[in-house]
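The same chain A turns up in both complexes below, where it pairs with chain B and then with chain C.
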Partner chain A sequence: MGRNIKFIDISKCDGCRACSVACKNWNDLPIEIEPYNGTIQSHQNVTANTWNVVINREVVQPDGSLAWHFRHTACLHCEEPSCALACSENVITKREDGAVVIDEEGCVGCGYCVTNCPFDIVQLKKVKINGKTYEKASKCNLCEGRIAEGLEPACSRICHTDAIQYGDYDELMAEAEERLEVVKKRYPDANIYSPAGVGGTTTIYLLTEKPSLLGLPENPEVPSSIALWKHVVQPVGKMLGVGAAVAVAGLFVTKKIVQSQTHHTDSEHKEGEDHAG
Partner chain B sequence: MATQVNRRQFLKLSGAVAATLALADLGFNESNVQAKTKALKIQSLKPTPTICPYCAVGCGILVYATEAKDDVVYTEGDSDSPINQGSLCSKGGSIRQIYTTEKRVEKPRYRAPGSNKWEEKSWEWMYEQIAKRVKETRDRTFVEKEDGIYVNRTDSIVSLGGAALDNEETHLISKLMRAGLGLTYIEHQARI
Partner chain C sequence: MQYSDVLMVIGANPAENHPIGFRWITKALKNGATLISVDPRFTRTSQLANIYGQLRSGTDIAFIGGMINYILENHLYHEEYVANYTNASYILSDAYSFEDGIFSGYDEIERKYDTSKWSFETDAEGNVLVDKTLQHPRCVFQLMKQHYSRYNLETVTSITGTDRDTYLEICKVFGSTGQVGKAGTILYAMGGTQHTVGTQNIRIFAIIQLLLGNIGIVGGGVNALRGESNVQGSTDFGLLYHSLPGYIDVPKAVPEENNLAGFLARVTPKTGYKVNNPKFIISMLKAYYGDYATKENDFGYHMLPKISNGKNYSFMYLFEEMRKGGLEGIFLWGSNPVVSSPNSQSAHDALANLKWMVAVDLWETETSAFWQSEAGKNYADIDTEVFLLPACSSYEKYGTVTNSGRWMQYRWEALPPKGESRADLQITHELALKLKELYQDENTPAARQINAMSWDYGTDHHPDFDKVAKEINGYDIQTKRQLSGFGELADDGSTACGCWIYCGFYPEEGNLSQRRDNVDNGQSLYSNWSWVWPMNRRVLYNRASCDLNGKPYNEEKALIWWDETKQEWTGYDVPDFIKTTKPTDPAGSKPFIMQSSLLGDIFATRSDGPLPEHYEPYESPVQNALSSVQFNPVVDIFEGKHNPRGDYDKYPIIGTTYRMSEHWQSGTMTRNQPWLSELASHMFVEMSEELAQEKGIGDKDEIIVTSARGEIKAYALVTKRFKPYTVLGKKVHHIGMIWHFGYKGIVTGETANKVTPIIGDANSNIPEYKAFLCDVRRA
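Then we have the complex of A and B:
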């Protein structure tokens, strides 16, 4: 079996938002009430406690009619995730099953992942631990526990129109190509969205309009500054840091040993006891 | 000063260097950090099948309750149900909250005519009141004959069926309401 992907055919979505509910249900996320914003959309964007939102866009068609588009949005699980590159603590991992997962325990809330996510997905939430409030990065984890057990994510499980499907890459991509031909007859700008700038994504969309009309970046990229920082500046810095620490410790120990040798040349047995203890 | 290192000092220095490097390695080697997989929260739980209480479609739902049966951990569509085949809508998907919400009403409540307060009552009291009042209203307003024709009806009571009722239940309700009590206004939630 090849790798699995989440395939979202937005032309099949009827905007029922069951995926959002299932996400909250499985991940035990708290309620977040946002004021009515004039459309069927429940939340403006994903947040640290709402990992999954159905984006609603009204687009005027060439013939003057109005088309409603619904796009389930959650983490796209990039193949080259900027958030993992940006993470100062290395607690964001791209796993073999495709999920980009944050290990919350190790997260220090620096927010580098938030500023570097090209899709504006990762957010910080406040967590109380022993009476103190900490910030932790939080986002969709592709229901990591479920996919590890061979189940599908909660959002694709609940979807009643099969707009969200989870399964084998080859099978779903074949379906995507097939659907694209059909959808293009009604929406000429339809396209398959899995941007190369982030190495492709584990969530692949069949979009009915240009990405920008549906709230997605046209050409998202891994910020080059972040790659430079991760692959060059950080390792060099660490090497320098470790080198400095080793040098200082070495100097200290050498000095001690040499000093003790000069001061206690005639009390060898006492020094021996010190070091044994 | 020119440092002279004898054999004893050399061994000590080597040990110190090895220890420092080992510590540095422990503290800084982060490349092997892997996110642990969260335990599946329904791993050891046995699901209970039920039917969605909301609309007339009657989707199958699996309820994952804790072993102590004091909390519902997860609910999902029943793949074995021929009706929804595992999927649900947003309303059916939120059924877990029927049990877990703090807004849940756990005892029957009664608001007396003209009162602005709800009182908690027992089920027995409720059944008795309903039966008593239905009978009283029906007897008071029953029309046996109209223009010399037997009609045997009351226009003062309405029966409103719910979408989750099945065939047998609606049959029994119709019998009771039409033949038993003489109602003419028998309606269904889906038509209003």
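Then we have the complex of A and C:
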């Protein structure tokens, strides 16, 4: 089997946000009503319970005409995922099918993945286990259960304009190149986005504008400190048994759990409200 | 739609509000089509269009009228089509005239036209005089040309506020579909209809499409994008007060219609397919009244409810009647007027005059809860008895839905209804059985009607759907054989048929609306998928896709054609007439068989004129530049303290209400759904950056919108997608608001309709939600 990718041609998106609903439906995620933000965008950014958001931007073109862009944003599933490199417990893995997935059970909520994601995708959520509240990292998993069964992710399945497609790398990249030529006629800065700084991505965009105009970093990279941590410090630490770095991480995690327990009454109440709907 | 060369979306926003239908537009674009979006604001459809043209809300007739003028001046129309398939060649009588915005026959006091002034010249035998060269100075073509010559580029763009170059480009690109073999389509929705000139807006779409030869062909047409999934089905079945099932006029309580013959005389024209109306009506009466209906008693005609002559029973009039205390009770089936009606506070207040209300809905709505303190009412003051019957959702019931392509599609129940909720069909059935039981020993007029009614759908709580469906289709009363089409219907009481246009969907071989054969039999007609009225014809008036000799204008997009060797019509679709009718025969040469003339009406009688004319909305920021008549001269005005008209001096901004993708109608179905509620959780009002700056309104600010009727509080959405217009030399602002919000549900907000006026279209009475005057300030 060839490599599969999720290809998002944002020039085809009409911002209907069926992908957002399909995602919540398949992954059974709760609602998060945010304060009014001055646009029709539902959430400012993805959260641990809202794995995809359609970002919208109004951009005046050089010829004076207006463009209203919609960009489905969710985890890009990097080929060299910083989150996995940063993970203190090695519970974030890049699977063969391209999905970067978090094993929630093993996650200790240290938050290293959150601070190191170059796309600001991974977030922490509060989870209650046996009456105790823990923090767990959470994000889009490319509908790992669906793709393992040969299905496509919920977002691409629902997309009525085929702005989101899931399938063979070669076929979709050929389409991307073809579309790029068409889209460039209207949007001269159009580009294909799958940054090399993170080793490429399993989600590949055809963008109508420069990445930064659409809320994406121009040249994201795997933070060098993280590479160092994963490839040098952590193995050494593990070799020594209880390494200094691991001990520090452990301490940090412990602190986080204590903090979250003291605050859990508040968060419980909020979740309760969400579900009341 | 995928076969269109040019698609013009005007008064619709399919990318948002008809996203699944938009797939076909996406396909057309992939095939190289040009998409034009004409809208007061830049929408999600505009984003995907090749050309976006801004027009001021309420100026569609000026916009299209100017296009017609351009098409005529530049000879872009399909001449053979216009001369032979439309009434452009008809010669008008001398009584027809038009001057300063008024057609002949106008009665200023009654605000009504004597439409007999708009008739055609005839010979001694009564045949209309025609000039197929279209040169006669009194022919429809020449008089129409004269009418729209006033709609020149300067005048039109100064009225509509459209950028001149963009307007010309639209005229040119859409006009190009007049070339023989090209296809252009127009898509409209409530942006076209919800105006005091709503019917004439759609009429002018039909006229331009007839001129370009775009009706009856693949990729053509005037496409109504419906506001609800089954609007087509409900109007087909006589949901509107003035029509019986199958678009037959309702009888009136006048002496001439005291008996069936009198009624049939009014509703049966001398020519066209409707000469068969007596067969359809008598078969319908047999379905309604069964054995009770005999030739001797006029097949039970006297049991049919009649409407008072001249009385209007449509939505706004019903609420006016209710406001005056003239209505005792109301059944609301999935209807939420406290949010949806114009001037909604007055509708809300009127509900308290009812003795009883039965609301059939999935949730408690703003309307069924109108008496609660949450609704701003003191329930101790309200005596209305309210019954809330829980309805199940569309996934929890079976039945058919008819889309705007007239496809009748059966849907199976996906899961059983929750709790005690029930399907509408079951609720109606139980109600009918109970009424029959309660009235059986009475002999009052009401009881006689109920007792005469045949209700043979089983005695169980669940009616037998098959029995209902088979009766709609029609059957031979003697043999109980299911009929194969309305050609079999008779006027002697030997056949029963609930809705003649649907005759043929359930023949002896079974329910064809259940067919799911997705093999394309040509031109993507999928003729064995579900069933389409009439007679499974996928493209109405498809004769118009061929030339006079029956040869397709475009071989690649052929629907039907005349086979000279077999001496019959053949092809992918079903022709409108007996297939051996020669293309040169009178019956085989004129495509529009439902018209008495068999021709497409460029000139057509409507209550407000035979040719669409631009009038300003009831509330407008400017004077009408085309005549001294400010607004539609025949609309009814609902006077009273509850419904004042706003002045430009006090309310200088144009307001429009509309929907967004994430919510549906009054929000009952979506604001009670968590995932949709979070997508759009706040009531907002869209405005331009220029207006926001003038008014000192910042992004995310709370604002107050006021009109002569009331005010609402909402959030400001400041956007580049709205731009002020330059109209007749002055700067005019426009704001837009979603109308989905109310005080019930997971997310709540103020109801936009508190500011809209009670005024509507002169023909259909749909309210003018799309153009009214208001003002806005920071809260």
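The rule is short, and it goes like this: the second predicted complex is superposed on the first by the 241 of 277 C-alpha atoms of A that agree within 3 Å, B and C clash if a C-alpha of one lies under 4 Å from a C-alpha of the other, contacts with A are read in each partner's own complex, and residues count from 1 in each chain.
The rule is simple: a contact is a pair of C-beta atoms (placed from the backbone, for glycine too) under 8 Å apart; a residue touches a chain by one contact, two chains touch by 3 or more.
All figures in this text were calculated on a predicted structure; none of them were measured in a lab.
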Practice item. Give one of first, second, both or neither to describe whether A:Ala148 is in contact with chain B, with chain C, with both, or with none. Key: first
Check your understanding: Which holds for A:His160: it touches chain B only (first), chain C only (second), both, or neither?
Key -> both
Practice item. Identify the partner contact of A:Asn219: answer first if only chain B is touched, second if only chain C is, both if each is, neither if none is. Key: neither
Review point. In the superposed arrangement, does A:Gln44 touch chain B (first), chain C (second), both or neither?
Key: neither
Review point. Between chain B (first) and chain C (second), which, if any, makes contact with A:Cys16: first, second, both or neither?
Key: both
Exercise for review: For A:Gln61, select first, second, both or neither according to whether it touches chain B, chain C, the two together, or no partner.
Suggested key: neither
Practice item. Look at A:Asn25 in the shared chain and tell me whether it touches chain B only, chain C only, both, or neither; answer first, second, both or neither. Key: both
Study note, to complete from the structure: Contacts of chain A common to chain B and chain C in the A-superposed view 16-18, 20-21, 25, 160
Check your understanding: What does chain A use to touch chain B in their complex?
Key -> 16-18, 20-22, 25-26, 89-93, 95, 101-103, 106, 141, 144-146, 148-149, 154, 157-160, 238, 241-242, 245-246, 249-250, 253-254, 257-258, 261, 275
Check your understanding: In their shared complex, at which residues does chain B touch chain A?
Key -> 3, 5-6, 9, 12-13, 16-17, 20-21, 24, 28, 30-31, 33-41, 43, 74-77, 84, 86-90, 92-94, 96
Exercise for review: Flag every residue of chain A that touches chain C in the complex, lowest number first.
Suggested key: 12, 14-18, 20-21, 24-25, 30-34, 36-40, 42-43, 58, 60, 65-70, 160-162, 274, 277
Check your understanding: Taking the complex as given, what residues does chain C use to touch chain A?
Key -> 15-16, 19-20, 22-23, 26, 42, 44-48, 52, 660-662, 674-682, 684, 699-700, 715-721, 746-747
